[in-house]
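Next come two complexes built around subunit A: one with subunit B, the other with subunit C.
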Partner chain A sequence: MERNNILSVQQSRDSDFIREVEEASGQNVSKCYQCGNCMASCVYTFAYDYPVTQIMRLIQLGQRDTVLSSRSIWLCANCQACTTRCPNNIDVAQVMEALRIMTRQADTVSQPDIQAFYDEFLRSVKTFGRVFETGLLPVYNMRVKKPFTDFDLAPRLLKKGKITFFPALVKNRKKIAEIFEVTKRECFSKAGKARPEPLSSKTDT
Partner chain B sequence: MRIGVFVCSCGTNIAGTVDTKRVASEALSFADVVYATNYMYTCSEPGQQEIQKAITEHGLQGVVVAACSPRMHEPTFRRAVEKAGLNRYMFEMANIREHVSWIGTDKEANTRKALDLVRMAVAKLRFNAPLFSSKAPVNKRLLVIGGGVAGIQAALDCAEGGMDVVMVERKQYIGGKMAKLDKTFPTIDCSSCILGPKMVDVSQNEKITLYAASQIESINGYIGNFTVDIRKKATYVNWDACTGCGACVEKCPSKKAEDYFNEGLGQARAINIPFPQAIPKKAAIDAQFCRQLNGKKCGVCAKICPVKAIDFEMKDTIVTEKVGAIIVATGYDLFDYSVYGEYGGGRYPDVISGIQYERILSASGPFGGHIRRPSDGREPKDIVFISCVGSRDASVGRPYCSGICCMYIAKQAILTKDHMPESNSYVFYMDIRSPGKNYDEFVRRAQEEYGVQYIRGRVGKIYQRGDRMVVQGADTLLGVQVEVEADLVVLATGVESSSGAGELAEKLRISYDQYGFYMESHPKLRPVETNTAGVYLAGACQGPKDIPSSVAQGSAAASKVQSLFAHDTIETNPQVALVNERNCIACGKCIQVCPFGAIQWKELRGGIKKAEVLQTVCQGCGVCNATCPPKAIQLQHATDNQILAEVNELCA
Partner chain C sequence: MKRVAYYKGCSLEGLATEYDRSTRLVCEAFGIELVEIHDWNCCGSSPAHSYDPLLSSALAGRNLAIAADQGCDVVMTPCPGCLKSLKGAQETCEDPSKRKAFVDLVGRDVDGMKTISLLQLLYEEVGPEAIKKAVKRPLSGHVLIPYYGCLLTRPADRAKFDDPENPISLDRLIEATGATAPDFPFKTECCGATYGVTRNEFVGRLSGRILDMASQLGGEAIVVACPLCQQNLDMRQDQINKFAKRDFHLPVPYISQVIGLSLGISPKKLGLDKLCVSPDVLLEDRAGDEKRVQEQAG
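So, the complex of A and B:
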């Protein structure tokens, strides 16, 4: 993610990228006039490599690699403050979401740890009908090879009843698992090709 | 009939995609066409002479020009044929530019369509008859609606020219928004010092009749002859007697009335004179807050008034004025900033609008010209200005630029530094729009000489921290989030159309855009006319405007009125409806449908009733023509026969 201070506007412009983002998000990115309200409202601006205003600008300039390899799109918590405040009615959070899906499809996710969390979270929901934290966290920790992260919190959480040893099963778990299957089928038929599962996009709780 | 056809090439505008030569040569085969030719620029002087020469040489009785839109050059060609001895209505125009050459690229198809349009024009012309206009007298009195700076300028200009002017103002004082301003950009002139003399002129000029606290009830008539009903609202004070001494205001016990003039920052008395220089300087009672009018025992003002002007029984009255022209100068309103929840507008007392800050800065304002926070009266140290609040924001339905905010923020920031040299001002902006004379220099001065910090970015939210506020925004030039601690936040609220603009437009029969601003007749070439003859626009009712532009438009509208009033009579348009009394069955449908009230009953001998069109009132819309069951009423120059001839030709 080296920042080059000279950008060849014509040669670096990937028009297909702009079109793909617009199609996937359903937003017209040329409506953005760079007022900065999304950046001003975003709670994660402090941690982003490119603030969201600049992500929008990079899309307008067709900078595929810079956008798709950025940390920002994976740190986005989808809180939608940007969408709420945008004076041009751009659903900025939806643009960020579309970018995450694009990196998954291209298998170029820059933040595999965050992707792993999405995956494990949804797997937990699919299996138990709701999140089972005591199962989710150790599995996630193993996947990202940080087995003892937050381990010290477990006794206190157990004592307060925030986590339990056994999952709280919901009625009709199968129905919930079915939602995943249906969504996956629909996404496959739309895309016409296989994708890594599960898809975080439509089933995010 | 001997008809001549002239096909214009309009340089390459038409000839580029239409075979104009072929159109001319094939037109020769149409019925009654005895002469047809093609010319490079038919509207040019030699082009018009060509037409006139052909009329005499070939004995033409009617002329068709196939060229641009009739809105452009129909008057030109009508004059040309009239000079050659034809009646101006023995002329038809086929629009083969806007309707053909500019919209299609297929030359063969375009040529066929152009031929169709010419054939239709010829077919219609064969049914044309000479029409003659009559003359109607012009009532040389002017109505000005709105007493802001644009209306004042228009009224004074016309009064100067010797015309009688009637001015109607909704509020109890004239001066409009400008009267509320402290100073004006870019000269830092005292607003009331430059407006005050003009307001006094209005009240003292014998030619001007001022109706303040009045509204337009209804408008009837047409250019040169309007009849206007004006509703004088009950002020509960007899203004003929009131001397404006202010004794009643001092003694009024109801002290918590809404202070409209100070934008809610202070509190007014129920009986009030809004500001010291008010014109007319008369007291009026706010019925909402008056004790006596709300069934309580009071009547203090009536007891104290030395001239016994108080009248609690006063009712609205309607007066009727007859005028020949109307200038609409109803101004604007400001955006309601409470829509922006993230700015805390309406919840935080120290988040205020630009016009409220203007009142704070003003020596006649709620704090006597000392800058204080509304919440605790403390002098603020850090002041944040936020631009584009209700401007350039599609999400709140205001995608347009208000045009004045960049400048008034710069002015207020400069004044803030003048009042409090130790203070710091910060401006959040998206772009700086300063295209007027000396405007950009003024904004630069704010930054260079007065040290105002400009930050390029919008503000995401404002929250309270202690007794201060934190303004969280972006600096898009750096690509970082920024925070500014502020004692006072001023929102540069944008311009929106005046409340009630739509209802007034319907009374005036003028059109307005989706935001409620009145539509000019042509955005470039007829900026102060409306599409209703005799009604003109001035000031921000037509779109956001600063003071110089409003004044310029006021004078421009006044000059339009003066050129209208330079004539004793006006020619009426003969393209109006006409009743064939032999066919009229007196069903009265036309009277019902006419949107202009232009048709009335007429009694013939023996009490036979027939419909009759008032030629001067009829606007030629043709609704009666379409409604009339026996087709007795016909719109001249667009009769059924003429239209059917065109349709037949198209379907042939």
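So, the complex of A and C:
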């Protein structure tokens, strides 16, 4: 990924972006004064392209493309350390969450395999009403073409009787399906355009 | 007898069955009636939240609505991930701009419902004093590390329990069993959360640090109250050892198992044999030679 060219910030400024992020997250991003507490608290900074403090600044500068294609957004684990320590009471983790949703809408998810894991998780919920752990892993593994992920854990878990072979089914799965349908429709209208299916196979890597 | 709706969540039905079992036994011992939410569904966890906040709130909210229909006003969940979703659903219902969409989808409001963690239930409803009095098999002489993980007390205005930076409830509960709980600097550091599958090296790094600090403090076990933390630290401990080129061997029991043990409930019933790293060290009776251990600790 290309780093943002600081000299071109003015040209690439999208003044709608900060408003959109603030609306989606319910947070006042303008209040960030770059103290760096969030970055210092974040245990994932080592894996980020832009530390979270810079993400906040880039939002203020209206750098839509740079922010929405950033690796950081999809590597944030939502652990709440940044939110807990922000002196301006900005729910930074909520801002990151809102950005994740925006990348889905803009189709610029930087970590398709993580999205694939989330999607398979949701597919499991949609199908059974609950997450079927034993079924989720092999499906995910096939989808990202890493068939042996966590294979080493299997013998021990089998011995401990921790692997279940049948999903627990919620009786009222109709209601669960309805929740998925309606929220999908709501999102369509919010994004103002067709939103990528959450459970499509588009993200195969 | 206190009546509390019980939302166990998907983990406690799969990889964390021992958390479910021990939770039920400990609650029973203290006269708390757990009413399992009828036909409960998954709360959606982080995947739902990162797709659409309303999806998350509606999935979690359906469970609150059923609990309300069952005549409960307190919902307890042992899983901090579920806790966050359930509390989020409550907030959505109370937010005037989202209330209609929520009620339309869930079928009713969930006003006045209170969602708490197992930790909060044990700390506030039972309390360290009552546990201390009920202890039959004190864990004196054992050094147990209290590890909360990131979500149990955070974000503060949603959790509304204990301190977000330096929580003490788990420390006090461990001490009530007679064991020693050292001041653990990584109490609320993230263990790597859901990245066990997708970014295994993150868990190696982050959970590795937690195991390292726990052993530096002389911990014999890390006590947790979250199924995800438990899986990362226990089930993945071999993977972490491989990644960090270390040789950790720290059992990671749930707080409900530790309290259960001190109450004299059998290890088998509490599902201690389900843990990947053997917790046999906890079964050593050291109540008699507490003094010797204190001397060793210097």
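We adopt the following convention: the second predicted complex is superposed on the first by the 184 of 205 C-alpha atoms of A that agree within 3 Å, B and C clash if a C-alpha of one lies under 4 Å from a C-alpha of the other, contacts with A are read in each partner's own complex, and residues count from 1 in each chain.
Keep in mind that, in the parts below, a contact is a pair of C-beta atoms (placed from the backbone, for glycine too) under 8 Å apart; a residue touches a chain by one contact, two chains touch by 3 or more.
Being a predicted model, the structure only gives us computed values, none of them experimental.
K.L.:
Does subunit B (first) or subunit C (second) touch A:T164, or do both, or does neither?
P.N.:
In the superposed model, A:T164 contacts subunit C only, not subunit B.
K.L.:
Which partner does A:N172 reach: the first (subunit B), the second (subunit C), both, or neither?
P.N.:
second
K.L.:
A:G62 contacts which: subunit B (first), subunit C (second), both, neither?
P.N.:
Neither: A:G62 stays clear of subunit B and subunit C.
K.L.:
On subunit A, which partner's contacts cover more residues, subunit B's or subunit C's?
P.N.:
Touching more residues of subunit A than the other partner does is C.
K.L.:
Looking at the overlay, does A:R100 come into contact with subunit B only (first), subunit C only (second), both, or neither?
P.N.:
In the superposed model, A:R100 contacts subunit C only, not subunit B.
K.L.:
For A:A81, using the defined touch cut-off, is the partner it touches subunit B, subunit C, both, or neither? Pick first, second, both or neither.
P.N.:
Both partners.
K.L.:
Once the shared chain is lined up, is A:G135 touching subunit B (first), subunit C (second), both, or neither of them?
P.N.:
neither
K.L.:
Show which residues of subunit A both subunit B and subunit C reach, each in its own complex.
P.N.:
The answer is residues 46, 81 of subunit A.
K.L.:
Would you tell me which residues of subunit B are touching subunit A in their complex?
P.N.:
Its residues touching subunit A are 342, 388, 392-396, 430, 456-461, 472-476, 479-482.
K.L.:
In the complex, go through subunit A and note every residue touching subunit B.
P.N.:
Residues in contact with subunit B: 31, 33-37, 39-42, 45-46, 50-51, 53-54, 81, 85-89.
K.L.:
Contact residues on subunit C for subunit A in the complex?
P.N.:
Counting only subunit C, the residues touching subunit A are 10-11, 13-15, 17, 39-42, 44-55, 58-59, 62, 101, 105, 150-151, 154-156, 164-165, 188-190, 192-200, 202, 205-206, 235-236, 238-239, 273-274, 276.
K.L.:
Looking at the complex, which residues from subunit A come into contact with subunit C?
P.N.:
Subunit A reaches subunit C through residues 43-44, 46-47, 75, 77-81, 83-84, 91, 93, 97, 100-101, 104, 111, 113-114, 117-119, 121-122, 124-125, 129-134, 137, 140, 149-150, 152-153, 156-157, 160-162, 164, 168, 170-172, 175-176, 178-180, 182-184, 186-187, 198.
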